[in-house]
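As written, the chain order gives the labels A, B, C and D, with residue 1 at the start of each chain.
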Amino acid sequence: MEDLIDTQSESDQRGIKIDWVGICSYSHPIQIHDKSTEKQNTIAEFSLAVDLSHERRGTHMSRFIEVLNERPINLSVNDLDLIPQNLLRRLNAKQSKVSIKFPYFLEKSSPQSGAVGLMDYEVNFKIVANEHETDSKIIVKIPVTTLCPCSKVISERGAHNQRGTVTYSVRTNETLWIEDIIFLVESCASSQLYSLLKRSDEKHVTEEAYDNPVFVEDLVRNIAIKSNDLQSILWYRVEAENVESIHNHNAYAVIEKG
Amino acid sequence: MEDLIDTQSESDQRGIKIDWVGICSYSHPIQIHDKSTEKQNTIAEFSLAVDLSHERRGTHMSRFIEVLNERPINLSVNDLDLIPQNLLRRLNAKQSKVSIKFPYFLEKSSPQSGAVGLMDYEVNFKIVANEHETDSKIIVKIPVTTLCPCSKVISERGAHNQRGTVTYSVRTNETLWIEDIIFLVESCASSQLYSLLKRSDEKHVTEEAYDNPVFVEDLVRNIAIKSNDLQSILWYRVEAENVESIHNHNAYAVIEKG
Amino acid sequence: MEDLIDTQSESDQRGIKIDWVGICSYSHPIQIHDKSTEKQNTIAEFSLAVDLSHERRGTHMSRFIEVLNERPINLSVNDLDLIPQNLLRRLNAKQSKVSIKFPYFLEKSSPQSGAVGLMDYEVNFKIVANEHETDSKIIVKIPVTTLCPCSKVISERGAHNQRGTVTYSVRTNETLWIEDIIFLVESCASSQLYSLLKRSDEKHVTEEAYDNPVFVEDLVRNIAIKSNDLQSILWYRVEAENVESIHNHNAYAVIEKG
Amino acid sequence: MEDLIDTQSESDQRGIKIDWVGICSYSHPIQIHDKSTEKQNTIAEFSLAVDLSHERRGTHMSRFIEVLNERPINLSVNDLDLIPQNLLRRLNAKQSKVSIKFPYFLEKSSPQSGAVGLMDYEVNFKIVANEHETDSKIIVKIPVTTLCPCSKVISERGAHNQRGTVTYSVRTNETLWIEDIIFLVESCASSQLYSLLKRSDEKHVTEEAYDNPVFVEDLVRNIAIKSNDLQSILWYRVEAENVESIHNHNAYAVIEKG
């Protein structure tokens, strides 16, 4: 079979470099190490790409899969350059790009009864590398409660509130654990969410949300302030979107630093 | 070209009837007539299928598209058997099945200022027909506000609330307009939703929701009672799902009649 | 806190039983045992529900989470009644319903080079239980290649083909492993899929697909025949949907036994 | 009601400007004019946002809806600045951002029999404006057939092919109609797609795809070349993604100009 024509390796006459070529929507099990976890088993969706010189017709798609198969995939926020560097080598590329998106679980105790439950967050590592440097972004989606300050102040009783989702993207120059990102964001909302709440806990989070109303604008500003205070953060983008309980559309706000 | 082999029309020796064969994920513009509208232009996603005798190898897929192309598609809840009957004829079938799903818009005035806005609802007609009879179901997704009775009663202030979605499916023996279904369901929630609310309206819906707390269980029961009161309703299924503002999972409840 | 009013436990005067009430869209890590695997770590999306008597106003939502938290969740197709039986007990219910949906990975060797890669499949256990019996369905989504027999026979060269997905649902009276379901379905398509194919493998699957053309109708019939031959299968439903490479809509077919 | 406190208009002490604040996931009917159409009725999903000065606590969300309600929404690629300019005025903003995403239909005759059918494409207008200038991008998703050159050359018969989607984004300095974008992209694939194909047409598209094999890399390069030839194109980004018929993951490639 070794004589099968290698169409991908043909030279190309069109003179056009390809910015990114690779595979996406590929699922693979991984292990994550974070601040407080031994090792957490989860399932990631991968996108992998490299650049392609104007001289070559195609990349070798099977090598992307081989890079992932080389060994079990153990990741932490401290150690994200292994896959992109392997791609550079195996694909003879100048640039590589990797996206790894997975559900991440955090054990939480409820605020009054102390009942323990697991909360899930979507985490996405986005890494771009060349031979000399690696640029890593961590993106975490964090669901929160937001209670409307306007609704509270104009109404004689109650206030509309809802689930919102904060998408927090960050580049740092020293370790920032996933769970620290989660805590930073959750502390800026009307209340954090829990998977398990007993009645005393439900009273607590209801009153806490009522006592801490935030517009979607307040939410992103509060997160921006806390982010600005952390010297290790080089860049961030915070986007919040509320599943408004009084509308059939959502409200959103964005602040990007840098 | 008329001599091209017709593989689909070959006889089949496996002896197995196919329950449904056809096309899905097909988009096409339609017009809807409802109680208060002239004609509403919208875009529908179609699924179309027929049964296939154990004697024939394949159906003729292009005829499904031809049936939809015959003329502009004008639909009302009173008149849902044209497409399924045409399918029976064009495909020489004994059974046909049609699903037509589309966004439907209703003009609403806000409760205090009277500001006018459009609310969108997902409507789905599901029709099964044979030569003698047509069975039609109308399914409408209606977003609402739900405010938690437990949270209200145990908390000194506030109450968690959220957007929920009611999926209401119904078979009737006389006309039940889409907007009547929407009104029935919205009247059973803590509050209905609006696209456009001024400040006085927001006060109104906040207080109304606080004054009318419903569990997901209350919501489906309230809808069931109103449905039971309508003689024209032969069957219904009501499912409600709340995007809980204090959890990262949803709560749901279902009642089916008959 | 023990004096907080228990609104859910109030009696209800509306006289309407609720068929199902519970939680959905809840993610939780699980372990799966299958024929050839030690233990596979994956992430499941759960729906959990129970019936609710006409006499009681609400269920206790937090107990659904507690049932999942009691111990690590280890599942196999032989052992699906633990969670539904626990729900019956903890919620004082007569009926319980559980859906567990997760990605499942299978190690496959490519057909010529023997290169090893992981293929992912979506598996869904659906279980309904009462005190006396448990009804379990296993549903597996299996992506395959389908090559059109009509296109092949009428064309002088080539034949259109595409990725399709078979959704196979089954009830059995003895063990049918997930991987046996996958093998049954994949053997009925034009070709199975692989995550990793070298050039010699690509030649193999291309020619194999060309030599085994199947309409969506052929695919479901072939699966039906193989299923009918297995005495242990009490009921099945096979649905195939092709992402047609020549259309912007899909073709589908369904056979249900019993 | 005119005395209700206007919380949004409060001054803000945090000193942080918000890049974008507004609404998203809002559906509204629109009319589109394109090269060959009178007026096409469709349904758009809107995102609308403005910047917010560091001095003000919140924006006025209801005004976004009011801007859309002012009059029926008639759009063409020549005339995209009305909504963003209205937002600047009504929200007293310096920047506004509008995304309008909708299905767009094109009538196509099949290549042999001339049978007429409707093909749907997703179109997205993205517009950013300030008082002085408007920057508009048009993004069109165009499904195509791609047939693998490697599979064709190494196999004795057949070649794997599949549906792919090209996402073409473009900025121009003169009118480029949606349908011209579609034709440009479709002419670079192995074959274009049709909703309605008779047997003679299916033979035609099968052989045409076999005669014009393209890697995902070829597809984006071909489109890049044609785009480079058009003087009116200031910037483009072309991304192609193939639903590989032999894998359970997708292949993709990207070229961006400028």
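By our rule, contacts are C-beta pairs under 8 Å (C-beta built on N, C-alpha and C of every residue); 3 or more make two chains touch, one makes a residue touch a chain.
Note that the coordinates shown come from a computational prediction; the quantities given were computed from them, not determined experimentally.
Student: Same or different for subunit B and subunit D, when you check if over half of the residue numbers at their contact belong to both copies?
Tutor: same
Student: Can you tell me which chain lies farthest from subunit B, using the average of the Cα atoms as each chain's centre?
Tutor: A
Student: In whole angstrom, what separates the CA-based centres of subunit A and subunit D?
Tutor: Computed value for the inter-centroid distance: 25 Å.
Student: Quick one: report the Å distance separating subunit B from subunit D, using the average Cα coordinate of each chain.
Tutor: Chain centres of subunit B and subunit D, defined by C-alpha means, are spaced 28 Å apart.
Student: What whole-number Å value describes the gap between the mean CA coordinates of subunit A and subunit B?
Tutor: Distance between chain centres: 34 Å.
Student: Send over the residues of subunit B in touch with two or more other chains.
Tutor: If we look for residues of subunit B contacting two or more partner chains, we find 4, 6, 26-27, 120, 150, 154, 195, 197, 199, 203, 248-249.
Student: Which residues of subunit D touch subunit A in their complex?
Tutor: 4-8, 12, 14, 16-27, 47, 49, 52, 57-59, 61, 149-150, 153-154, 215-218, 220-222, 224-225, 241, 247-256
Student: For a test of understanding, state which residues of subunit C touch subunit D in their complex under the given definition.
Tutor: Those in contact with subunit D are residues 119-120, 143, 145, 147-148, 150-152, 154-163, 191, 193-195, 197, 199, 202-203, 205-207, 209-211, 243-249.
Student: For the complex, give me every residue of subunit D touching subunit B.
Tutor: Result: residues 1, 4, 6, 26-29, 40-43, 62, 65-66, 69, 103, 105, 112-113, 115-118, 120, 195-200, 203 of subunit D touch subunit B.
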